[in-house]
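I am attaching a structure below and will ask some questions about it afterwards.
Labels run A, B and C following the written order; every chain starts at residue 1.
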Amino acid sequence: MSGDLVKVRDLAVRFVSRDRTVHAVRGVDFDLAAGEVLCILGESGSGKSVTLRALMRLNPAARTLMEGTVQVAGRDVVAASEREMEEIRGSLVSMVFQEPMTALDPVFTIGQQIGETVMRHEGLSKAEARKRALELLDLVQIPSAERRLAAYPHELSGGLRQRAMIAIALSCRPKLLLADEPTTALDATVQIQILLLLRRLQQELGMGVIFVTHDLGVAGEIADRIAVMYAGRFVEEGSVREVMRKARHPYTQGLLGATVHEGMRGKRLVTIAGAPPNLETPPGGMPPDICAFAPRCERADAACEQGVPALDGAFGTHRARCIHQIAEAVTC
Amino acid sequence: MSEIASTAPSGLIQAPARAPAGYWSGVFKRLKRDRLTLICAGILLVMLIMILAAPLIAPHSPYQGSMIRRLKPIGFPGYPLGTDELGRDMVTRLIYGGRLSWLLGITPVVMAFVIGGLLGIIAGFAGGWLGMLIMRVTDVFYAFPSVLLAVAISGALGAGIFNAILSLTLVFIPPIIRVAETVTTSVRVLDYVESARASGASVFTIVRVHVLPNVLGPIFVYATNLISVAMILASGLSFLGLGTKPPEAEWGLMLNTLRTAIYNQPLVAMLPGLCIFVTSICFNLVSDGLRGAMDVRS
Amino acid sequence: MLITILRRILYALPIALAVSLFCFALVHIAPGDPINAILPPDAPADVVDAVRKTYGLDKPLPVQFGIWLWKVLQGDLGKSLATGRDIWPDLSGALQNTLTLALAAAMIGFPIGIVLGSLAGAFRGTWIDRACVGTAVAGVSVPHYWLGMVMVVIFSVTLNWLPSMGASQDGSGGWSLDWEHLQHLVLPAITLSVIPMGIVTRTLRGIIGEILGQDFITTLRGKGLRRPGVVVHVIKNAAPQALSVMGLQLGYLMGGSILVETVFAWPGTGLLLNNAIFQRDIPVLQSTILVLAMFFVALNLAVDMAQSLIDPRMRRA
């Protein structure tokens, strides 16, 4: 596990406004090697999207406080000037968003939106940019590319829009692709097509990919490694096989139990009782930091409220943030 | 005044999801923190008390003038704000003038709120040919700039308080219909209204329980915004000689009759307009504050 | 595209018809016999009968409306009660003056409104926002006829910099682009510009604020676009709505200048209306309102079409 593409240490992100502070990310560490696919899995509000945006420093600048170390291809994202970030964004790192309808500018054509990226970063002329845009539409398998260049986002289907979004993201051959639930807004059949496309492109172009999702099935389909996020922290991390087969954190196990998958026919779906914690600073200041999952956890005892458990375990790269880790394999 | 068509504000169009139990206490809590809104509401309250208590607090008669003390400056002994072109006390005239100006400004909005709100909710909820008819007639009135419409109706009917109120009411009904219709339509298609309908609730119940509570708030906020416009427009009609008739005291009319005095006593001549300005801006800011406090999303 | 335009025109026609019906009705909602609105009260009985016949006032109302509309379409707006002259020549001169004033006010109010509104939208919640919004609220709350008087007191009476009355020194009514005429335009145009300034500020603040909050702005930043690049996108997204608001405001300026024209004795439609009201000259009132309303309907149509031309979301929908 070498951190030659991405290195994140002690990342904390807070959103501060006049009357409240939200601790969205509270200490995240991970590395990503070139060509590796990491999937960050979590419920909405767990901090996964915020973590992803922090890698590009895309959280709203005015009210975001970011601490820790974030390095992408050796560049310090936390300390970089806005100028440097503008250079990095779209060329070294780029992002695919969840909802292609709103993430694309409605009054610019697909061709213009791809073209402006390459013109911006590679100084291509209009004609060259157009040629590149055509190649890119072919790359993401948009049929009759010539015609689609002149189309506006609302004239395309959801699947085609997301392909166009991917084309924009890939237009300058980034080393790192960030994908923020790119399949969530799509129909089930289209989801699979987009996933297959992303996996093929990742292999062809050798990109590192960080993929955020709340869908275990999607994670299993595309990831090399999975990190499970809860209440602003990674609670479990390991290879796909390790996490899906031998989940060690009660929360991960709860997630697996709440998902429909093969071999479960006839069994009852189990849900996790309770709701994720509110990450706002309460009026009386932050309470002592404990295992965030303890209030919902069947295994919780007094020891769980003595502090935040460390992310580790006796299993090498498979680590969990729990003092009562589940030793036996989950049968499913 | 031309603002009425363009400020059918985007914030109002989306009806808030059903108001939760603590909604109004939340609104009041937010209002209490909004100092500017409180100050403006305070100014309006003081004004209201003063004009209601006019006969008790006015130092002089609003009609009795004197040729020998015409157009005295501000600070003249016994007449702190001077006298007008007929020697009448400005303090008294301004307090009494507020009565008519407020009446002319608020009555049409209240009437338009009731009539326009009703028609708009009917149009939005019933839809069909009835809704179509209401909205197309509304469109016709939208083809007139508001000032022009008010002047046209008042001009044809002739001067007078009643005619002025009538014409202003007609001016404000169409925009209120539009807002009411839009909000009602957006509420009507919400899932819980659909499900109430599916579970067999009567139209009356649906309107009373689901539609009205969600719709009245936005219409009300919009109407408070119109009061500011109505004050200016009403005084404007009087200024043109279409509202109140002399010797009644009304801010717009006073401004008109004092126009000749701008060379001798410019400061005195400006006072009635200042009153309109202050009232109008306070209503505007209170309306903005209300909208902010009632907007759940903010 | 052509179909869109045709559809909009078709939709505007019934409105135009209804507007003329309303103007026709103005004579009839005026108290008393409509004949009194056309003839002076002391007209002899045989003249009254003759006029009643020529105007078709003895016929049923729908027929009367038809006759009136037919005449209007041929450019015959009737005669003024006060002067006995044809209405159209006076009205067209007044229209030009009003248009001049409205355009001048728009050229002052719109740019200021655009700048203030964009600043407020871009810096939401900061003191810049509050200052811009404060200016806008003052602009829409100020009784502009009073503001006109304040301007006269300051710039004409006290400083003696600018004239306070009329459109030119000799009152000829003609207009040309020189200081002689421009100096008359300054005060009324500034006075008239405060309302559109306020409204454009408020609207643009809303539009810009909304656009900046949209997901695609994050995409643009994620692509590494610099600020000017993002601004291009914001402008193109804001343009259709901003254009429509400003088009409507121009219409309101035309129809709403009556108070300002009265204060400055500007020889436009407002002054014409004011005199008509004063003299109870209902035909002039009716014709002026008809022409202004028709102008507004046409302007609305033009704005609608321009909007569907520049907004791809509407163009092919």
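Here, a contact is a pair of C-beta atoms (placed from the backbone, for glycine too) under 8 Å apart; a residue touches a chain by one contact, two chains touch by 3 or more.
Please read all numbers here as calculations on a predicted model, not as lab measurements.
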Topology of the chain contact graph, where touching chains are joined (line, ring, star, complete, other): line
Dominant chain pairing [most C-beta pairs in contact]: B-C
For chain A paired with chain C, centre-to-centre distance based on mean C-alpha positions, whole Å: 53
Centre-to-centre distance between chain C and chain B (centres being mean Cα positions), rounded to whole Å: 22
Chain C - residues contacting chain A, complex: 214-216, 218-226, 229, 233, 236-237, 311-313, 316
List of chain C residues in touch with chain B within their complex: 14-16, 18-19, 22-23, 26-27, 29-31, 137-138, 140-147, 149-150, 152-153, 157-158, 195-196, 198-199, 202-203, 206, 210, 245, 248-249, 251-256, 258-259, 262-263, 273-274, 276-278, 280, 282, 285, 289, 292-293, 296-297, 300
For the chain B and chain C complex, residues of the former touching the latter: 1-3, 5-7, 9-11, 136-137, 139-140, 143-148, 151-158, 228-229, 232, 235-236, 239-242, 252, 255, 259, 262-263, 266, 269-270, 272-274, 276-277, 280-281, 283-285, 288
Residues of chain A touching chain C in the complex: 56, 58, 85-91, 94-95, 97, 99, 102-109, 116-117, 120-121, 152, 154-155, 165, 168
